[in-house]
Each structure stands twice: as C-alpha cells, then as structure tokens.
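Read through the structures below before going on.
Across the two complexes that follow, subunit A remains constant while its partner is subunit B and subsequently subunit C.
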Partner chain A sequence: MLKVLAACGNGMGSSLIIKMKIQKVLKDMGLECDVHHASVGQAKSDARNFDLVLVSEMFVKEFANAGNAKIVGLINLLSEEEIRTKVEAALAK
Partner chain B sequence: MIKGFELTADYIQFFEEAKDWEEAVQLSAEPLLNGGEIQQSYIDGMIESVKEHGPYIVIAPNIALPHARPETGSLKIGYSIMKLNKSVSFLEDGSADAQLFIALSCVDADTHLEILQEIVTILSDQEKHDAIFAATTKEEMLKLFNN
Partner chain C sequence: MLELFLSFINKFLGQAPLLLGTVVFIGYMLLGKKWYESLAGFIKTFVGFKILQVGTGGLVGTFRPIITSLSERYGIEAFVIDPYFGQTSATEFLDTVDSLAFVGYVMLIAFAFNIVLVLFRKYTKIRTLFITGHIMYQQSAVLLWAMYWVIEGVGGKSVSPFLIAVVGLLMGTYWSVMSNLIIEATQEVTDGAGFTIGHQQMFGAWVAWKVAGKIGNKEHDVNKVNTPGFLSILNDNVVANALIMTVFVGTIMFILGPETFEYNKTKYFFATYVWETCAYFAVYITILLTGVRMFVAELTASFQGISEKLLSGAVPAVDCAVTFGFSPQAPSYGFIFGFFGQMIAIFTLILLESPVLIIAGFICLFFDNGTLAVFANKAGGRRAAAIIPFVAGLIQVFGSALVLTALRGPEEVIGWMGMFDWATLWAGTTLLTNVAGIIVPILLIPLLLIIPQLQYRRHKETYFTTMRDE
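For the complex of A and B:
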C-alpha cells in the first residue's frame, strides 16, 4: 500500500485535484494507495510519514527535509500523463 | 447539477483583459459576491494566499482556480467562470499565465469536492477544454458546464 500525500497552498483546491488524479493514475498502474491531502504547511511536517508527496512544482523546494518521501512537482495538475510519467520516475529511484 | 448551487448566466463573464492578476482574481469572483455566496474578505483571502504561497491556483496552463480558506468569508458553495481575451501573468517570467478563471467558494474542506470533481472532469476532457477556450457567449459556456 503506497502512502500518498497531496498538498497545496491551503489544502482546499489544488491538493484535492491532485488527489483525484493520483488515485486514478495509481489505479491504472495497478498500485494500491491511500491518499491524504493537506496544506503545504501541514504537509511539510507530515511528509516523512508518506512514500510519495505530490505538490505544485513551485512548492517542491519547501520539502527539502522530507526523509525518504519522494517529492513530485507538477505543472499541469489536470494532465494524467504528466502525473504518471513523473510518478513512475520517482518510484523507480 | 451541483447540490446547493445552480450555475446561471449571472456567474459567467467575458472580459477583454485585466490590468494585473489581482484585478483578474477580484473580477472573477464578483458574481459570487453579488450572489451572496462570499464576502469581499474571501476575495481578499484569495489574493493574500497567492501573495503568501505563489500562484499555485494556476492549476494548468492558462487555467486559474482562485479560492481561499472558508473562514475568510465564504457563505455558500458556488463557482463563477471568467474568460479573458488576453491572459494575465502571475509571474514576471510568464510561467504562470491564466486566461480562464474559475473562482470557487469553499465553505468547508469537503462540500466543494463535488464541484471540483465536475470542473476537473470537464477541463480534463480535451474536446470540452478546447470548446471552453473557444466559447464567446454565456450560453455556450453554460452548456459546457451544465450538462
């Protein structure tokens, strides 16, 4: 079970969009997941408890101390293709 | 159709341009202000959160989703759509431009999920996405969002 965290500025909009998309992408990839969403502020302290953290590209730099969590920065939150490519690359690391 | 909110022509706007992103965000949310879904303080909250966190409300190329924390002054759920003929830049380097603005009133962390789901489904459909950017009338826009 992959533990995933989606985060955005206030945890109300973009993070929910990322959550919807990542659930679909991981399902298509045949991976089980548990997806949470949060604001970047919250997410920064919780990140190390997750396998994968997805945020808007501009927030990636805030997650320098995320332990083993893999941080994925997204530009187009609506593009399942972008999410899949980046997630596959992150998981392969 | 969203429970508790009906998207009507009053919530759809077209403008030639906005002088900057702050004006664009303000304009995009005014139908919600006039409809009683939000207070001005909620729009101020939208602008503040961009100033604080950067333009993360630009969720995809040319699409912005202004929203704020409910406690800043959201009264009822709803959303309004604004399209500019000329995009505005949130960043000087042009990496966060937006032409389509969908202002969202969130009353708590969850009830707007249904609205978001609908919006995301519509915008992820390439055909509808292109039709939205090509639309020039409120009727066209309504049809795209309301079926």
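For the complex of A and C:
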C-alpha cells in the first residue's frame, strides 16, 4: 500500500484536485494507495510518514527534509498524463 | 403524522451536518459505492462539520472581545477581510436565527441550477461546472447571510423559503456565468490546461486580464524577476496567519493597552499575551480548515461523481491556486503590491475616522491578489502585475468597509470575504438590496445570464471547442 500526501497552500482546493487525480492514476497503474491531503504547512511536518508527496512545483523546495518520501512537483495539477509520467519516474528511483 | 413530518424537517433536514452527511451518503450510493463506504462518507461529513464549528466558534470568541473594547474606547469597529472570517460571521449568525442548515439548501439549489444551465448549454451558452467545494459552501453561507440581513434581518425569524430559493438561484447563476466568463483567459494563462477558475475573483481576474494589456507589456514577464526570499515563509499557511494577525491585531491590542485586557500577570508579559492571543487565530483557522477539508472532500467526491455521470463535457471550475503553478512568481508579486494597496486604504479609513476599520487577512492578500497578478502578468507583464493588485488592494478594503457598514450589528459578525468579487459585485448587490429590496437579487439572475450570450456572439465557431470530448 502506497502512502500518498497531496499538499497545497491552504490544503483546501488544489490538493483535493491532486488527490482525486492521483487516486485515479495509481488505480490505472494497478497500485493500491491511501491518499491524504493537507496544507503545505501541515504537510511539511508530516511528509516523512508518506511514500510519495505531490505538490505544485513551486512548493518542492519546502520539502527538503522529507526523509525517504519522494517529492513530486507538478505544473498542471489536473493533467493525469503529467502526474503519471512524474510519479512513474519518482517510483522508479 | 404531519407533526412527525415537521419535526423530521426540523431535527434532521434542518440540521446542517445531518443534511450534508445525508447528501453525501445518497451521492455515494448513487455512484454505486458500498454501503459501508457511504456510511463512512456520512460520518466524515458530520464530524468534519462539527470540527469546523469548533474553529468558527473559537475565532469569534478570540476576536469579539477585541472588537468590543475597540468600539467602546474609540467608537470604531474592526473587521477582518478574509474568507474564513466572512464564513464564520455568516454561519455563526445564521445559527442564531436557526437557519444554518439553509446554507446547505442554497448550495444544493445553486449546484443543481449550474448543472441545468450546462445541460441546456445550447441555449444558455454555459460550459462550466463549479466543483470547488469549500468555496461553494463559503459563498452560499455569506450570500445567504448578507441577503437575509438586508431583506429580512429585522424580524429575527428564520430565513424564508422564498429567499432561500432566490439566493440559491442567484448563487448558481454567479458560479456558472463567471466561471464561464474567465474560461478563455484561464486557457491562455495555463497554455490550454482545460479548466477554468471557480473561486472568489473570477470577475476580478477577467477585469485584470482585460485591463492588463493596456497598461503593460506581456513580454516583461514577472517570472523573470526574483521576488525576495523571505516571502517563502508565507508558503506555510500556519506561519502566515499567525504573522499577519500578530501584525494587525497585535497593533490594535497594543493601542488599547494592557489595562483593557484581563490576563494573568504572573504568567504573561503583555507582549507574550498579545502574541498568544494572535497565535490563537492561526490555531482556530487550522482547526476550521481541518473541518472544512474533511467534509468538503466527501462532498466534492460525491458532487463530482454525480456531475461526471450527468455531464461528461463540462469544463471543471477549480480553485484559483491551480493557476499558480503556471506562473510561480506572480502570486508573491500580487501579494506585495496588494499589501501596499490595502495598507494605504486602511490608513485612509483611519484618517477619515471611518466607523469601520478593516484588518487585512492573509488569504485575501495572497490568493486573491496572487490570482489577479497571474492573469495581469500574462496579458500585461510585471507592470500590470504590480498596478492591478495594488488597485485591487484599495478596492478590497474600501468595498468591504462599505458593505460592512450595512452588515455590522450582530455580535457574531467579525469580518467579510474581502476577495475582489465580494468587494465589488457582492458588496454592491448587498448595498443596493438594502435600499431597493429583494427585486435586486431577482433581477440580477437574468442580467447575469446575458453575459455568456455576448461571449458566444464574439466567437461562435470556437466557443464550444474548449469543452472536452466535443
């Protein structure tokens, strides 16, 4: 089970969109997942407990101390294609 | 039998968390989820709503004594222009007239009307569906509160069914028309990412987009400029809320002086007491956000599932921050210049001895002016991305101060949305309604619906190509 965290400024709108998209993408990839969403402020302190963290590209540098969690920065949060490509690359590392 | 039915309406459908939980439950069942998943959705919605109420209650409890002392001492009242302060005022006030659940009805009517307008897009020219759950709840609450207060407020009775219907239809019209209005500009800003904005400044972003080309050069892109590094601490909303509240509310507390407040002098210096009080805003906003996040996630999943079944081609109207990734420097730019604008406006209010004092809020400063800057930058570069948020900052403060002169009174009222559309369109609607009555919101519905017709005339051939699968 892959533990995934989606984050955005307030943890309300954008992160919920990422969450709905990543659930779909991972399901299509045949992976089981548990996805949470939060604000960047909360997510920073919690990122270590996740396998994968998805945020808007501009927030990636906030997650310098995220332990083993893989950080994925996105430009278009609604693009399933971008999410799939970037997540596949991150998981392959 | 009738009595049983009435008490069911009162004690079940009249209770906001039960109503919303049931909506989610039914939505999930319709989507073919298992009964226990639907039950979990009900519980998360109910509990989330209750957490939200802890946050809103805490915000009022923290802020009210400060407003009261300020008005006792200087005869002025202070209000925060931040969407969660507006939402808190609305829901806490509506609860005192047993009308909190009606916010849910307004939201459902508005969402259903949006779906209907898209279904009949051949005639209505509406292509967009609003799915920004937290905004839908917030706006339904604030609009219902404002309209109720200026139309029926004197009686102190519950909101009338007729007003609920009018506000619901008007809300749905606004969502549909304005998210549809900003679709082309959003496509431009995001290089055709296939969504539109469903937020608090759709009209504002459209104005910014239209004006920007005339006052700047889009070649001078703001993303080629480096913004100051310290602004990155604003990426953390907990830090940002605590800082901004300390700056503004802290100043007010210092002006009022230590003798105004009752605090344990063996435990605190006055400064540490002020800091702790201001930090509590961040505490309650975090609680509030946790609650909203929980129930909105369920509501949105249910809404989105239903709408995908009904309308596959509609363009989703989503949170404004989704555009930030396409223009990462612009939001900070908007924040800085919007901040200057708001400061000048606030000092003007003080100099004019206005009875209403405005306190700046983080969300309005960052997300509202940030969004305006993103759109302004795309059409007019850094010059436009500076001037437009600056002017918007002035408008946000003056517009909100004006509308609050009509809305202040009840002690639950601690703020107003402040966001661009709410400091212009909705502030204006509220003030007009205050004078002319319910005819204003009723007339506004057909008037707004003319806008997509005008848009359609401009580019008939390509108008519907922005919709997916069509």
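To be clear about the criterion, the second predicted complex is superposed on the first by the 93 of 93 C-alpha atoms of A that agree within 3 Å, B and C clash if a C-alpha of one lies under 4 Å from a C-alpha of the other, contacts with A are read in each partner's own complex, and residues count from 1 in each chain.
Here, a contact is a pair of C-beta atoms (placed from the backbone, for glycine too) under 8 Å apart; a residue touches a chain by one contact, two chains touch by 3 or more.
Being a predicted model, the structure only gives us computed values, none of them experimental.
Subunit B and subunit C, once both complexes are superposed via subunit A, clash. In the superposed model, A:10 lies in contact with both subunit B and subunit C. In the superposition on chain A, contact is made by A:40 with both subunit B and subunit C.
Residue by residue along subunit A, subunit B and subunit C are tallied for touches, and C comes out ahead.
After superposition on chain A, the subunit C segment that clashes with subunit B is 183-191; the remaining candidates among 183-191, 273-281 or 435-443 show no clashing C-alpha atoms. Overlap of the subunit B and subunit C interfaces on subunit A: residues 8-14, 16-17, 20, 40, 56, 58-59, 75-79. Within the complex, the subunit A residues that touch subunit B are 8-14, 16-17, 20-21, 40, 56, 58-59, 75-80.
On the side of subunit B, the complex with subunit A involves touching residues 49-50, 52-57, 59-61, 63, 65, 67-70, 104, 106, 109, 112-113, 116-117, 120, 123-124.
Residues 8-14, 16-17, 19-20, 37-42, 44, 56-59, 61-62, 74-79 of subunit A are the ones that touch subunit C when the two sit in their complex.
Against subunit A, in their complex, subunit C makes its touches with residues 132-135, 190, 193-195, 199, 232, 235-239, 286, 289, 292-293, 296-297, 300-301, 304, 316, 318-322, 324-326, 328, 363, 366-367.
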